[in-house]
Amino acid sequence: MDVTNLESVRDDDFIHAVMEESGQDLTHCYQCGNCTAGCPCGFAYDIQVSQIMRNLQAGRKDKVLNSRSIWLCLSCSSCTTRCPNNIDVARVMDVLRHIARREGRVAEKGVTTFWDAFLASVRRHGRVYELGVVANYVARTGRVWTDIDLLPRIAPKGKLSPMPHGIKGRDEIARIFQRYEEERTR
Amino acid sequence: MPVLKGKELRVVGFLCNWCSYGGADTAGVGRFSQPTDLRIIRVPCSGRVDPMFVVKALLGGADGVLVSGCHPRDCHYSQGNFYARRRLETLKTFLPALGIDPDRFQYTWVSASEGQRWKNVVSSFVEKVHQLGHAPRIEEAAPYLPLAEKGDTPRAPLRPPLRPLSYPAAGTLAASLEQLREKIRAALPELDCVIGWQQGFDALHATPLFMRKPEDVDKLTWGPLNVHNLATYLPQFKNRKVGVVVKGCDSRSVIELLQEKLVEPDNVRVFGMACEGVVDMTRVQKTLDAGNADGAMCADTAPSSVGVEGDNLSIEGEAPARLRLADVVAEKCRTCDTPVPLLGDVVEGNASAPAGPAPDAPPSPPSLDALDSMTPEQRRGFWRAQMDRCLRCYACRNACPMCVCRDHCIAESRDPHWTTQEGNIREKLQFQVIHALHLAGRCTECGECQRACPVNIPVLALKQWMNRSVRTLFDYRAGVDVNAVPPLLAFAVEEKNIKEHGL
Amino acid sequence: MRIGVFVCHCGSNIGGTVDVPGVAEVARAYPDVVFSSDTMYACSEPGQAAIVDAIKEHALDGVVVASCTPRMHEPTFRRTVERAGLNRYMFEMANIREHVSWIGKDREANSNKAAELVRMAVEKLRLNAPLYPKSFDVTKRVLVIGGGVAGIQAALDCADGGIEVVLVERESTIGGKMAKLDKTFPTVDCSSCILGPKMVDVSQHPNIRLYAHAEVEKISGYVGNFKVDVRRKATYVDWELCTGCGLCMEKCPSKKSPDAFNEHVGVTTSINIPFPQAIPKKAIIDPTSCRQFVKGKCGVCAKVCPTGAIRYDMEDQVVTEDVGAIITATGYDLFDYTKYAEYGGGRYPDVITSLQYERLLSASGPTGGHVKRPSDGKEPKTVVFIQCVGSRDRSVDRPYCSGFCCMYTAKQAVLTKDHIPDSRSYVFYMDIRANGKMYEEFTRRAMEEYGVQYVRGRVSMIVPQGDTYLVRGVDTLLGEQVEVPADLVVLAVGAESSHGAPQLAEKLRISYDNYGFFMESHCKLRPVETNTAGVYLAGACQGPKDIPSSVGQGSAAAAKVLGLFSRGRLESDPQISQVDVRRCVGCGKCITTCPYGAIEWMELRGEMKARVIETVCQGCGICTVTCPQGAIQLQHFTDNQILAEVNALCLS
Amino acid sequence: MNLAYYPGCSGLGTSREYERSTRAACAALGVKLTDIPDWSCCGSTPAHALEHALSGALSARNLVGAARAGCDTVATPCPSCLSNLKTARHRMADDGFRAKVGRLLDQPADALAALPDVQSVLETLVTRVGLDAIRAKVRQPLAGLRVAPYYGCIMTRPADVMRFDDPENPTSMDDLLTALGAEVVPFPYKVECCGASYGVTRRDIVARLSGRLLGAARDAGAHAVVVACPLCQMNLDLRQTQVEWPGGKAVDMPVFYFTQLLGRALGVPDAELGLEQLCVDPAIAFRRAAQVVAARQAEEAAQAAKAAAQAAAKAAQAKQAAAANEGGRA
Amino acid sequence: MMSFARYIARGELARALDDMARGRVTYAPRREGDAVVFRPRAEGEEPLLARATVPPKGVIFPQSERLFAFIREKDPNDPGRTTVRLDSTVDIKPALIFGGRPCDARGFHIFDRVYLNGPHRDPYYAARREATVVVTLACTKAGSTCFCHWTGCGPADTTGSDILLTPVGSGNDGGFVAVAVTERGAAVLEQANLPEADAARADAAQAVHAATRAALGAQSPAPDLSATPTRLLERFGDNDFWRDMSDKCLSCGACTYLCPTCYCFNITDENDGGDGMRGRRLRSWDNCMSSLFTREASGHNPRMGKALRLRNRVGHKFSYYPQLHEGVVSCNGCGRCITGCPVSVDIREMVVRATEANEETPNA
């Protein structure tokens, strides 16, 4: 492993951006590790959440934004609840995803594809159309066997709507997304 | 030596010796660079900082004033900063009434170890003051006299809920009055005197009556001309037994005096009667003048009798007139919620004395509304124009039932020497600020200050502003509870309604 | 007036960024200034001599020194002017170092500011008046509040110094937290073996009057002359007669009384002597569980007591003591760990506090010194210690480090191995704070000799799993989530201020911090004094402390009291308030707001007026602002003096 | 106080039975639910993971709708919707955020300053109706039913936004179920995450986390898990066949919505509660409960018999003694 | 000196005033809020004819004036040696007071007797008085508190005035008959280039004077006050009388500061800020109702209590002053002290009662 030059890996603008957007003071973290200790998804992470925090303190933008962990965070708020320094860690993770998306870095493409499919459905109908989301996801990822095993379990229950539930204000929702995209490109 | 032109503004700091002065020292020892504008006055405790020092500085040309003490609970004198917090917050809410930007005054807490914090406090405050720039001087404000050409001080229309105007029939009133006289006659032998009202120099004016002999009691009158708050006379009867006749509002002043132990409960007998409201003589006069085509060549007329007829004040004599009560009744009566005296030997009188608006929804007095509607610049201009004609006769003070210092008022003393005899706006306004600050949490808004003013300066608005501050900050209303402790003589470790000011 | 101004270079400290001679020159034009000069070091011997000479030569009657902060050298220069025959209050300082030269580099702005500060000082000095202190007698007795190790030490040192001590203890025995400890770090010697003899000394010392099971109710007066009301709470046993034989405890049929001394590990009898070495060794009845009180019939203890000491009808009693000084040694309490729901919030019987564990380890404890799990009495083989429970945790408003938990945890881990040789201990820690003599060595021994497993990281959650507990945490050094199945979990709970501390502080008129710990006068230089003259601090009431520090402070506070009492009479500071009776209208507002009760009513020609009790007034000036007439003025900080400073700045 | 109702999208699909049982139970308790007119999706995790203002805008549209309908409180059964709506309202206190959200909406931002309060249906039932009132209306107590209450991770967290119950150890659903006559088993994972929406994309995560929950319920002796979240229910019920069971020992663990059990206890017909739409057969739980009741009754009967026998023996003894006495006298 | 009379048509008044006031600052009544006060008048400004709330005495005897500045100067070689330099330059501009009433103008006469023609001529007063032309408006109505006819004054009294204007006619036909009272008045009036008032108008003016006088008499017949000075002296020790009179007095200064004849003043020194070496001596109105009035350095005041202070005010106006000034009463009966008093203390009542029944006076 290479020696890390703390000066050269440090990106102060990045630190500032994370603090600004999340409203959290990263300097409050003293690395007790409680966020990692309680993280239900830690087993799947490539970088533990307390180490994400440490890397943020060091301003290591690439390391953080290229990690898979930020996409796997379940937003369950265990870390936030147990942080002895009152840092909303889950919100920091959210903000890291925002920045990564803006910069086009996504280490877990499947996750964002599913999210995008979800939002596309919302944009189109105003409400989520579950079957549509899964279909869209399958189409985009080519994972045709996704949850095929569950079909016989759920099909007879009559819960899956064959048709989307469109709402009157569909256009209004679409405009929200449109303005969001305009703001983003500005 | 003046402030450095173009570089510095005049910023005065009052720092407690134990914490904040030490904090400033610590900042110095740590070589934390700071703006050079601030001049520090060392005081033992933030509790020693009289809000008037701040006013004196701000009226005298300071661009900013900063007070800093120990953190709450950390006071060297254990409670000084708690008192300071109440006093200074009260001041901060009051400054806008004068058209002074409250951001020019700030108070905060810095401990002796917080050098870094002190640097931040000074830097951010001085930066704020620089953003605001030189403080505009009240005496240089463009005079602002809204409606001046109509000879009117700004009066927004009264806002509901209003007390309806309904006076008892003459017969009922006479019976009640006789009942009241009886009570007084019975008590008179044990008393030095009983203070009431009688007809004054003409039928339109009542004047205080000092009843010593039974026959004096016959002169006692009751009606809408009994404008005076006779509680004002009580403190001078210290150690003597005296009686006083009160309206509902006057009774609140008696309560306040009892609370402050300026009147002994054993020495005062209170007689009261349910009140239907009194007139505002200025309005009466103005309404009469309005009918005078000659531009009010002479202001006074001499009526032969005055009475209430239905909704009107009827004036008989050479120039008879019918004035709509709604036009001439005092503002305070329309918004009154205590028509029946709160203590004493009360004749219910007109049992139908209408209740006023609910106490939990205090109406906003119109003159306060008017002040609210002005911009800070207009307020400066307003007070400049109003105070210009102040004669410094101190009728406002001497008529005030709560101005108990009287002969020892700091407005005229040399030690302490708060004001000079200079006839300028600043000195005149300064007294009004002293009056308002000294009344904080004590004023019952009886309006005597304004009524007494021979040149009709609307000084009551300042007290109304202050009362609103006190109500908002401390949920307190003066003159309803003899046993209450006025908010500025007390504190709470955690203040419910005072937020820390971010510095 | 004839004023002399001395502007100090302080070497280059001031001279570096302020035109010192220029300021002295400008000052020469100020009103009443008849002499002005610069000086290299005003506080040096030659600097002071120059001031004395100038006073004599120019017949000065007031002096301004512009140099460092008055908090540093005001006393120095006051003595200087006094040597030259002036009253010490005819002196003012302008702080042109900390407030000018050290905080900015703009020479022009600095010089201008320095000159203005000098001018403010001159304007104030012109209104200064000579002030003279008053002297008064001292009651040479001391009140010690709290009979923990700090209070015991303070009491013994004072008593040995020959002064009478009144020691008030809230519980029925002295000894405090230390009496509950099994062993002490880093020597692992027996706590009761070292504390016990001191407790006995207290009971036998002729100069000590001990009120156990008593509380301070009211304090009035001032340094040298305090009056203290002590409430002696009912014990229902006449301690004059009780011999501490313990027969009542043996026979008491109600055996479910909460055992506070043993930290509620188990229960005890309703009539009880908390532990064998208790001082005073007297029985006390818990009326909340005693059958006689609860059911109205029993009377067993009264029947068996050989001396007939039981008094079911006993009531609280208030006694008044006169003392000249007060030492507070009220100690600390432990953080309530039930706030941590993720650690079970009190629902898991085998998750206990460190002090409970201490009782399990102690031979005089409920298990006789055998470590057993509260749930099933089994001996634990895997013990997990979790540090910083209620310390260094902003989320529960305890951001501070309690200081001693690292060390006692190491000690308990070591003792665990001693008690159960085939056990293994884990310690979850964030940082090891072992900055005392032999402390670091001790924690190293725990790891190296006793095999204690230190895991750097916090524990997120404790999950019951069968009859064990899965401790889920992190090892941040490994960078991994970890878990340990534990038989017993010991929480190193932090220290917090003793319950009731703020209320006591208010009675004493001393300050306390956000967490209820009492404030010392100066964090470094006056660590056992408070800002109320005659009130001193010892031990953990001022902040978390270990035993050596507490004992050291106990002795230090005693030394302060002995020093105070070594003077026959005390002098009061003349910077106090004074009433102008001609202006006073007798409204009493000053009496209401005075935090010290230093203003009283006085009758003057039939009128009530306010009067300042000179020895009680502390000079805060709250009254001066309260008084609408300005009739009560704080000397040396009068309205006119402060106005002179304001006017110097703001009138032009 | 007027209560607006926000059903959430899944109520139209995979959590139909939650939606049905919520309406049925509320009706039985006299809680009137007024749907927010033309409500739209809150954006759920995909929105807040993309951008907070977007998420805020999607939520705010619904809250503004509720306010326009004259409602001061919004209740929703779904914790994810709850979290989004509450978070949006919470952040709206910040001027900058409000302005940003305002720019995304059709309507100007002034309505955003005072949005209605948001609460879960669970909170509504526990605080507004109250446990006492519910207890009084129970017609069919859930006797013998041992349940593991699972709240999900975001119903109570983060505490300063959600402001409901204890963030680590909530008890409101425990109390509710107890009031219905069920027996709540100690369940340490009340707020531990089930894997959320990662079932589709990262089945491994859900398999592990949901497996741990089901395993703990199994080990605690629960007959069923009770949930308040559509996603949790789906992970635990529908995906029960996918999970990794700790120790490898799979069981059939029914997973109820709390509203279903509430409805059942209140005497609402099963058909209105959508019990048939659960994947794991709910009858399993009820059967086990019935066994418990039966066993208990048997034990009680045995005890009673024993006590009766003892009493009889004692009486006989006394009789004998009395007889002896009498004999003696005679 | 009724040498000639001029006529000013109503519409011409502003123009005429501009001309008369050429080179002078004009002070005329102006409404400010609910009061009427004398304020500098702009050219062309239509003057208000209402009677002012406050008399114009402050124009000549300011509420507060700087008598001189004092400047301390240090010896550059020895800062211990300080000399004090005085600067008593006063900037006094020619002025004209328009719109005062006869009672206001007569006030200046009361002042003149003390500050101009008394043993000590007051230079500040004298300079302002001499620079100021007084143009007075005769009264057409009797106010309820007017009693000028008791005091030797009257609705058309010219004492103290330079010009007297009497309103005649009404509406658009109305105007003013202007009569110069003094030489200076005549000169000023000439500046306005006005037509002579014809006999009819002069008669009309006389009729206005007579009617107002009659109205006043009808309202309150003037009592005989010739014995008042001695009666008041006899009342000097009648404490009960003065207590009864002063019971309701609040001890404020409204009466004195509204009085056109009250001339007492107070002197104070004030430091300037700045370098701290300058200051000024101020003269400001004083008020005998105040406890500070004649308070001695010890704190003792020979006039203890408001009764003795009120006694001084009444006594001064109706007894002590007339005894020093040929019987001239230093009250013009303007009644402002009555209307302006917050509690309607009535000086008429006091004078009448003191004059009437003093048989029982113990110290008589």
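All chains are identified by letter, namely A, B, C, D and E, in their written order; residue positions are counted from 1 within each chain.
One rule holds for everything that comes next: a residue touches a chain if its C-beta (ideal position, glycine included) is under 8 Å from a C-beta of that chain, and two chains touch if they have at least 3 such contacts.
Here the structure is a predicted model, which means the values were calculated and not measured.
Think of each touching pair as a link: the shortest run of links from subunit B to subunit E has 1 of them. Annotation: C-E is the more contact-rich of the chain pairs C-D and C-E, by number of C-beta pairs in contact.
Among the chains in view, B has its Cα centre nearest the centre of the complete protein Cα set. With every chain reduced to the mean of its CA atoms, the largest distance from subunit A is reached by E.
Averaging Cα coordinates per chain places subunit C and subunit E 70 Å apart.
Mean C-alpha position of subunit B lies 59 Å from that of subunit D.
With centres taken as mean Cα positions, subunit C sits 44 Å from subunit B. Multi-chain contact residues of subunit A (touching two or more other chains): 43, 78. Within subunit D, residues 167-168 each touch two or more of the remaining chains.
Chain contacts: subunit C has residues 119, 342, 461, 582, 647, 649-652 touching two or more partner chains. If you check each pair of chains against the touch rule, the ones that pass are A-C, A-D, B-C, B-E, C-D, C-E.
Listing the residues of subunit E that touch subunit C in their complex gives 72, 74, 78-80, 271-277, 299. The residues of subunit C lying in touch with subunit D in their complex are 340-342, 345, 347, 461, 463-464. Subunit B makes touch with subunit C in their complex at residues 1-4, 7-8, 10, 12, 17-18, 21-22, 24-25, 27-29, 31-36, 39-45, 47-51, 53, 56-57, 60-62, 70, 73-80, 83, 87, 112-113, 119, 235, 238-239, 260-262, 404-406, 408-410, 413, 415-418, 438, 485, 488-490. Interface residues of subunit E, counted against subunit B in their complex, comprise 31-37, 48-51, 53-54, 62-65, 139-146, 167, 219, 244, 247-248, 250-254, 256-258, 266, 268, 270, 273, 275, 282, 284-285, 287, 290-292, 335-336, 338-346, 348-349.
Chain contact summary for the complex, subunit A toward subunit C: residues 28, 30-34, 36-39, 42-43, 48, 50-51, 78, 82-86.
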